[in-house]
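By letter and in written order, the chains are A, B, C and D; residue numbering begins at 1 in each of them.
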Amino acid sequence: MLEVRVLFFARSRELAGTNETTVSLEDGSSTKTLLLLLFQQYPQLEELRGNFVFSLNHEYLGTDEEQQLKAGDEVAVIPPISGG
Amino acid sequence: MLEVRVLFFARSRELAGTNETTVSLEDGSSTKTLLLLLFQQYPQLEELRGNFVFSLNHEYLGTDEEQQLKAGDEVAVIPPISGG
Amino acid sequence: MEQPGVALQEGACYAEVTPDALDQSKYVELVADPGAGAIASFVGVTRNSFQGKATERLEYEAYIPMAAKKLMEVCRQACSKWQVRRMAVAHRTGTVLVGEASVVIAVSSAHRRDALEACHWAIDELKATVPIWKKEIFQGGEVWKENEE
Amino acid sequence: MEQPGVALQEGACYAEVTPDALDQSKYVELVADPGAGAIASFVGVTRNSFQGKATERLEYEAYIPMAAKKLMEVCRQACSKWQVRRMAVAHRTGTVLVGEASVVIAVSSAHRRDALEACHWAIDELKATVPIWKKEIFQGGEVWKENEE
């Protein structure tokens, strides 16, 4: 098993009801697997389906980009940004 | 006769050796007449010949623009500007 | 929820995410340089209305470590695309009231065009790339904003 | 030779020619407005060198009444070409040492693009139209500058 840290921001934080969680995954799991798991664990995230991206260790992933995960990775749910 | 106030700025002030003078002209004189007069009275202005414009009552005149003058007009010798 | 800020300095670039009020002159002074003939700066301020609704305040939330990193990237890219002498970018988190600054950018260069263009590019790039979110609190509700970028 | 300054206020536009040191924050505060979401500003500063020569200081001379009038014209034109809320333009006369400001422009608008573009246009327009002259005093000589415009 591998554990990754998952951060929620803005609307996703409100929907998930938390700003952070740790998720355990099979070795070799990818960000796609994580996505499915998150929707199961936090069904309210459905409101944001297709309207957020992941970041992996402080780098954005493309909307359909799939990356392998490893222990200790930091993934964040990134709703549309509105800085500035 | 009509009298106009003539102001000199920057390089023209240095060449004329003064920042202001009053010039008397025949009634109906134009800025062209004034120009000739100034070159006579301040020969050192030759250094700037073709490289300045007049302003008349706080409005620029084109390089070859000729305007009638009237008593009390304020004319300034405007070398190339370098503000900002 | 107020997290400490982060300030990064890499050569001529300074990037900061902070919960504290932003003072534009601090960043303008930061980019002062004897070789600079021009300093361009931009301040994003909380406006009193948005789409006809009276804004009460804005709440900013940042993925702080990644936001600081991305702000630095904006800075460094601007420094490579233009002849920038020094540049500083700072974004505020937490509550920002009407009239208060949420973002400040300051850029210095020898000639004005570099500073002015880099400053304009930087605020556009920031809005497109920095993981910061703005919630608008207005009379009768609140809504998370989305930049066009 | 130090003449008193002139300050003009016409609606949302403020134009000033002054022998006193320029404080950018004064003009940024002048253009603050609850309806403004963006404030862009520009500062022209005396640089330590010009075309390889070490600059000692700059001396600015202005046709003060006409300069103030032309600065106001720059302001008003910017306000008509862009959605500007408030705008201030100030130019200093007399001696301006290295690192000191000779000109400050501040523009506020609801959306950033107007303020940023108006600010950039205004400094270019100012250099082309305002009767002010800059003498560069450097080691070994002095020369009256000429803007490209």
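Here is the rule we go by: a residue touches a chain if its C-beta (ideal position, glycine included) is under 8 Å from a C-beta of that chain, and two chains touch if they have at least 3 such contacts.
Values in this document were obtained by computation on a predicted structure and should not be read as measured data.
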So the centre of each chain is just the mean of its C-alpha atoms; given that, what is the distance between chain B and chain C in Å? 49
For chain B and chain D, what's the span in angstrom between their mean Cα positions? 26
Distance between the CA centroids of chain C and chain D (whole Å) is 24
At which residue positions does chain C touch at least two other chains? 44, 112, 123
Could you pull out the residues of chain A that touch at least 2 other chains? none
Pairwise touch network: line, ring, star, complete, or other: line
What pairs of chains are touching here? A-C, B-D, C-D
Looking at the complex, which residues from chain D come into contact with chain C? 24-25, 28, 32, 34-49, 98-99, 108, 110, 112, 115-117, 119-120, 123
Within the complex, chain A is touched by chain C residues 44, 60-63, 65-67, 69, 91, 102-103, 123, 126-135, 144-147
Would you pull the chain A residues touching chain C in the complex into a rising list? 7, 9-11, 13, 55, 58, 76, 78-84
